[in-house]
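Down below is the structure, laid out as structure tokens.
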Amino acid sequence: MLEVKNLCVSYGESIIIRDLSFSVAKNETLAIMGRNGMGKTTLMKSMIGMIRARSGSITVDGKDVAKLDSFQRVKAGLGFVPQGRQIFSALTVEENIRTGLETAKVRKIEDWVYKTFPVLDEMKNRKGGNLSGGQQQQLAIARALVSGPKVLLLDEPTEGIQPSIIKDIARTLNELKRLRDLTVVVSEQVLSFTLEIADRLIVIESGAIVHEDPRSSVDEAVISRYLSV
Amino acid sequence: MTKISAAILLAMFGAYTWDELQVVLIMQGFAGISLFSIFLLMALGMAIIFGQMKVINMAHGEFMTLGAYATVVCSYLSETYAPGLFHWYFPVAMIVAFGAAFVLGFLVEISIIRFLYKRPLDTLLATWGLSMIMQETFRQVAGARETSATMPDWLMGSWQPAEGLDIPINGMFLLGVSVLLTAAITINMYYSRAGLRVRATVMNRDMAGAVGINTRLTDRLTFALGCGVAGVAGCAFTTVGSISPTAGSQYIVDTFMVVVFGGAGSIVGTIIAAFTIAQAQSILEFLLSGVLAKVFVLLAVVGVLMIRPQGLIASKIRK
Amino acid sequence: MLPIFEKENGMLYYPTFYEGLEASKNVIYTGQEATQQILWGLDWVAKEKGAKTYFLVGSDYIWPRTSMKIARIHIEKHLKDSKVVGEEFKPLGDTDFKTLINKIKLAKPDVIYTAIVGGSNVSWYKQLKAAGITGESLAKKNQTMLTISTTEDEIRGIGGENCEGFYACMKYFQSLPGDNNTKFVAAFNEMYKDKYKGNAVVGDVTQAAYLGPWLWKATVEKAGSFDIDKIAEASEGIEYKEAPEGYVKIHKNHHLWSKARIGKMRADGQFDVVAESPELIEPNPFPEGYK
């Protein structure tokens, strides 16, 4: 469903992602793990097109999107939940969700959205900036999902979220995967959360893959070592 | 309160009867309101563009001139080929003026502005150059002479609700146009899909793209819209002012003052700034003189901006 | 510009309205200097209309400022029981006159005396009309609007319907009778027929510019030389009998002897000439008592 091949990304002279390749099968959930500064967010941003890759290809459902603008990638089937949520703070909750409808087939908010996120229904007319972290995370996910993506990219969805809510997010995500027929790529540092949702884990360090495990045979000790500073 | 102000006025204008004063004060109130609508019309287009992409369009005045010339062409065509419809050519001219300025704005965005988004100073220079090119083009095509569009009768003269009280019809017309245009833009901004795209893009351009908004097209259309609004303003101004290749450049200073004073790009700020400056200007002019009024207003604006560089209504937007 | 002409020793035939207070060997002033245009016109309005109160309005630069200074002095010192009840200048290019018009309404002057130029002109006349001040409405109250800056050229841009019934004091109007002028206007139309399709307008300044080459030709013939110094010297007393405006002569001070005329604006953009100074008026660029 998603294939990244020989991806190189750099800021000016410094190379952040080096010749990175991986692929994700349909309905699979891949977790990309690594410490801060190892290139997780850069990788995610380059997949959605906020940063242009220097070389390499990003193929979504058979279509190479590496040269396209962000909005065209969304059209091609990518959905993006950024690090720190990046809610449009002065827009209402409902307006935030509607921004995701630009590329959707049906240009109205369908019932399942508020059914899945009842709290957003209650807060519909509040400004996005007034929501709590957990609520914003739900909003960011809803915003990404209404465009009907094939692949959902989540960049550190647990960052800054209370531990009690992390479990809810995991449960919601698993439910959505089934319900919306999703393929998911999630970058994470929290192993417990990752283990609840991921089918496969890769670890990156300095922009390259250094370790890969299917969930069935995860060696928690090894991965923890990679994640500890 | 009324008694006190009446007393002050009597002291100033003791030689006049209360009726006379009343009439002139009503007309003077209207003069202020009508200056407000002129300022608002001038500034709207620039505020839209500046708010959306932080581009100061120095050719703003020339887009107004384009709208004005479009009106002249319409008036001429209608007089020559459809005299029966002359009475109602003006609304058509307004649409034509919008269209002409919109299309040109769109082309300018594609050919110049989009290459300069990350270089605000260069956009200033580039649009300034554009303004000179446009001025010279007007001069070549239309000639250097001042011209006017012929006004249909219903746009001329004054409405006389009472003896000696003349409310200019073109002033009321301008007021109507500016109110309708502001309302249309506001509604479009807050209740339409296009407006949502614009607001999302202004707040967070990268993220807007990442949720599927075509931010470049949004920029392009917003720029074109701002130019189109300038065109409508130019068309409306043919009812009060003259048309010449350099007519637009005479508006640019006031326009700039209103936009900056209002807080660079917020529509509410622009409205408040236009109102404040217009009232100050017309009251001071009434009490002092035209030139002195201008001096004091400029000084006051500079003073306020020194204390509040972000303008009256600061946009709460990051990036 | 003047220093350059003087330094390079060139010759300028200068046709526009100007403030006077200047005379140069290197310039022939073919338009009216301020006193020629102003004094007789004010005398006319005082006598014919019985005017006592004046409101002076001008664009804010040197020509209107000086003109209004001269006008004020003439009104206050030389016209009996007359006074200036208001004087206002607007920035060049200003298009908002509503406040000023209200002040004029309040002041109720017998004469609105104006020198507004350029783009402001159109706004000024349109807004006067919109405020209910027209030739007709003024006439009812025995008020007069007299301008020294609006010619046929400006009216083309303003629209005659906005000006009808107002007066201008110039030395030339396109509608002047006489063969010289009829021929000149016809020739002008013929020359620019592609551009104006026979509807060319000729204003005061255009005619003054037209005088330049003829005066130069006559001077060169008299001097028998193209030499600038000789031309400058020979200029005094040069006559041009067939001038469209009628007989003119160059004065010692390099200005022209010419007549002043009052025209009343018509809806078709032309003037009815209603008065004319009986004699040529002597140019006086440094008027004693008017500085």
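All chains are identified by letter, namely A, B and C, in their written order; residue positions are counted from 1 within each chain.
Simple rule for what comes next: contacts are C-beta pairs under 8 Å (C-beta built on N, C-alpha and C of every residue); 3 or more make two chains touch, one makes a residue touch a chain.
Quick caveat: nothing in here was measured; it's all calculated off a predicted structure.
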item	value
Most distant chain from chain A, judged by the mean position of its C-alpha atoms	C
Chain closest to the middle, measuring from C-alpha centroids that were averaged per chain	B
Pair of chains ranked first by number of touching C-beta pairs	B-C
Approximate Å spacing (C-alpha centroids) for the pair chain A, chain B	45
CA centroid of chain B to CA centroid of chain C, Å	34
Between chain A and chain C, centroid-to-centroid distance (C-alpha), Å	77
Residues of chain A that touch chain B when the two form their complex	48-50, 69-71, 74-75, 80, 82, 86, 88-91, 95, 98-104, 107, 143-144, 147
Contact footprint of chain A on chain B as seen in their complex	193, 196-197, 199-200, 203-204, 206-216, 316-317
Partner chain B, residues of chain C touching it in the complex	60, 88-91, 93-96, 98-103, 105-106, 118-123, 126-127, 129-132, 153-154, 156-159, 161
Of chain B, residues touching chain C in the complex	13, 16, 20-21, 24, 27-28, 30-32, 34-35, 38, 145-148, 150-151, 156-158, 160, 164, 166, 168-171, 237, 239-244, 246-247, 250, 282, 285-286, 289-291, 294
